[in-house]
Amino acid sequence: MTDSVELLQCQQVRLQLPGGFTLGPLSFRLCAGKIYGLLGANGAGKSTLLQLAGALKTPQAGQVLLKQQPLQQLEPRVRAQQLAYLSQQQPPTNMTVHQLLQLGLLPHKALWQGDNAADKAAIDAALLQVGLGSKATALLTQLSGGEQQRAHLARVLVQQAELLLLDEPVNHLDIHYQHQLLATLRRSGLTVLASFHDINLAAAYCDELLVLQQGQLQAVGTPEQVLTPALLQQVFGRPCLVDRSPFDGRCRVTFAPESQ
Amino acid sequence: MRLSLSVRCWLLLLLLPASGLAALQIGVVELPLWSLLSGQPTDALPGQVFWQLRLPRVLLAGLAGASLALCGALLQLLSRNELADPYLFGVVSGAALGATISSLLLPGLALALPVAAFAGALLAVLTVLLLAQRSNAHGMHSVSTLLLTGLAVSFCASAIASLLLYQADSFAANRIIFWLMGSLSRADWPAVSILAVSLLLTLTLCSLGRRQLAALAWSDDMAQSLGVAVKRWRLLLLLLCALLTAVVVAYCGGIGFVGLMIPHLVRLLFGTQILLLLFGSAVGGAVFLIWVDTAARTVLAPQELPLGILTALCGSLFFLLLLNRRRSPYES
Amino acid sequence: MRGFIAAVALACTLLQAPRAQADTAPRLIVLAPHLVEQLYSIGAGALIVGTVEHADYPAAATAIPRVGNYAGLQLESILALKPDLVLYWQSGSPAAAISQLQQLGVRTVGFEAKTLEDIAADLTRLGDLTGQQQQAAQAAAEVRQRLTQLRRQYQTQKPLRIFYELWDEPLSTIGPDAWPSQALTLCGAENIFADAASAYPQVSAEALLARQPDLIIQPVSATENRRLTDYSSRFAGLRAVQLQQRAQPDADLLHRATIRTLDGVAQLCQLIDQSRQFYAAKERAAAG
């Protein structure tokens, strides 16, 4: 896999938030076509890292490169054509699903360009991918939590970026859609950096995992390399068993329950 | 029974020319409108009244109403606060300060007042934007900063204006007080053309940036991740609002509540789609102010009622009604 | 409404016939009450076809159609009355409306009485504009003569320090640029707030107590009620209060720049002189 193209590179990036939390300094690189899972306990800095990579926050030291170019110096529209970001919680809006997906096309539209049939086709395709084909005219507020999450994911897909930064994308989704969505992402050939709480789900679909603890990268590598009982105990503070899934032979983690 | 959206849109659109024509008919002097427009020779007086007084006045009413409502809608979108109003940015007090200074220094020069009021309004808004921008850099929340800064600058400008007026003769104070109450009596063709150009510019930019506006109205982070140059767009739109309001205030004085009330009504009737909201507000504001001004110049004739009194009265009553009808989301 | 105004205008012009000079007499719109009064006093009142609110003297003036007030003018009404000439008050009429009228091609003439002598000068100008030169010259001469006489009688008398209470709450007085200042000077009175920067300053109770006027002047109006300061409680420390030196001249006469102003000034001078005599008698009693 060493011949893959580097898409995003973080070099000695450090960011201190007003609350005192410090992320980094940390370095990593994302290669084209791979799925990366971001793991860590609450408050480890997963969302902050995704925001840094998505240019929503500016590092105080170090830099983030997108295709060898400093992220902060890219024209916002050019950046958004290559990089799509989905935050963990979506601010409330009274848009319809279709209007939301139209926003996803924003980076590809010049000011004077109207909406055309190709846009409509792209939006319909994205909605089909997340199983919302019949909900285009519904208001977002009328959808269930899972449907809303899928609509937002469809918005990210319609943005047609090479790199997707997803903050807990399978949050709110039922088991069926969790797997369907991650499978869709794998098939798409896009580069994805997504944060997860479900380690087994991450292990099943990600090529590589990044483990954060208190703003520091503890481990980077394939699920087999990263998911060791020692590291998991260190990061999540709980003993666990790591074995293989009978379905695909990938890592499976079972944490020991609290003794009662 | 609810009419479909497109029918409601057409009704509103038709209301504009209908209101304009009706307002042109109503007034102290009887106008043979048809023979005036068809160019048949009549007495000189109706022609003069029509071309130099009533037509520019009705046009200015429409343009001012459209501008104020449009600015209100834009600011409510940008601040994601349904209570935002163009007058919260210190525009009126800044304009009043400018008007006061001009009225003290050049009392006889009629043109000095709108020019000075415009300069004052723009200065106040720029101060507000600059100060708000600076405190945002220190990590404060942008919307509340803007509103608080606007409040502070307003009070500061009012205080200076009051101080100057207090030192001045009582006629100057009278002039400023009545000017602040709002009136379209100084309507003329330059005012109409300046406002028309500014309004057209703002509407064009809003149409071009409708996607950016939709994203900004949703969330700053979302807009930024969608490739919108958030700061640039926000500053541009705020400046246009400031410009538009400053022009309106300079020529018409204080006309409150239009920017607050009309977008609310439009949201109730037409929903929240960006362009529908902006253009609907503009048309609705125009219709509203045309009728209010017609009332202002005829109800108590020969006296003219200050416009701001009527709009504030309508606006506040409307708001009380709205608050009464709408249950708090926390109650149910 | 339109018809009504036109009818009133017509009725007025018909009823007030015969006009001063039927052929050349101009149709006047007069935008200040004092100018209306001046026109009536030179026999040109019938020429007025429109005026503003508060034009209430003489009684005939109340029948003239109104075209606005000091805050704003109805330009359409003014045009509808087809005036030959609009007379306005430079500092009191709405400046924006005046300049609009000028742009509409209406002939306007501005008036601004700054001194008591200007009353006479205004009369002469009004006479020239209305063709009533003879009556105007007479009235102007009378004004000048009465002024000279009052001046001769009072101006050189021993100055009396006065407080001119224009309004009670907030306590307001007049500065040197205010219109009544002229009358005070003519009557040989000295305003204790002559050093004020503005024409109608608010003053503090302490300043009033510190400056100890000889006489307190409270102008009162029959048409506009006002509250008068109760000096007996808060200002009991004033010598003028203890000696009951208070005067209440007629504000309706005093505050408008017309011929009647002379009556007001004469009344004011008399009241001031009474107080002057009171102090003189007191001094003589103390000396003797």
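Should a chain be cited, it is by its letter among A, B and C, assigned in written order, with residues numbered from 1 in that chain.
By definition in this document, contacts are C-beta pairs under 8 Å (C-beta built on N, C-alpha and C of every residue); 3 or more make two chains touch, one makes a residue touch a chain.
Keep in mind it's a predicted model, so treat the numbers as computed, not measured.
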If every chain is a node and each touching pair gets an edge, what shape is that graph: line, ring, star, complete or other?
line
Could you see whether B-C or A-B has the larger number of C-beta contact pairs?
B-C
Approximately how many whole Å separate the CA-defined centres of chain A and chain C?
82
Measure off the straight-line distance from the CA centroid of chain B to the CA centroid of chain C, and report it in whole Å.
40
With centres defined as the mean C-alpha position, give me the chain A-chain B separation in Å.
44
Touching residues (chain side chain C, partner chain B) in the complex
1-2, 5, 53, 65-77, 79-80, 82, 90-92, 94-100, 103-104, 177, 197-200, 202
Residues of chain B that touch chain C when the two form their complex:
27-30, 45, 48-49, 52-54, 107-111, 113, 166-171, 174-175, 178, 183, 185-186, 188, 297-298, 301-304, 306
Enumerate the contact residues on chain A facing chain B in the complex.
18, 54-56, 76-81, 84-85, 87, 90-91, 93-95, 99, 102-104, 106-107, 109, 111-112, 159
Which chain B residues qualify as touching chain A in the complex?
139, 208-209, 211-212, 214-215, 218-219, 221-222, 224-230, 272-273
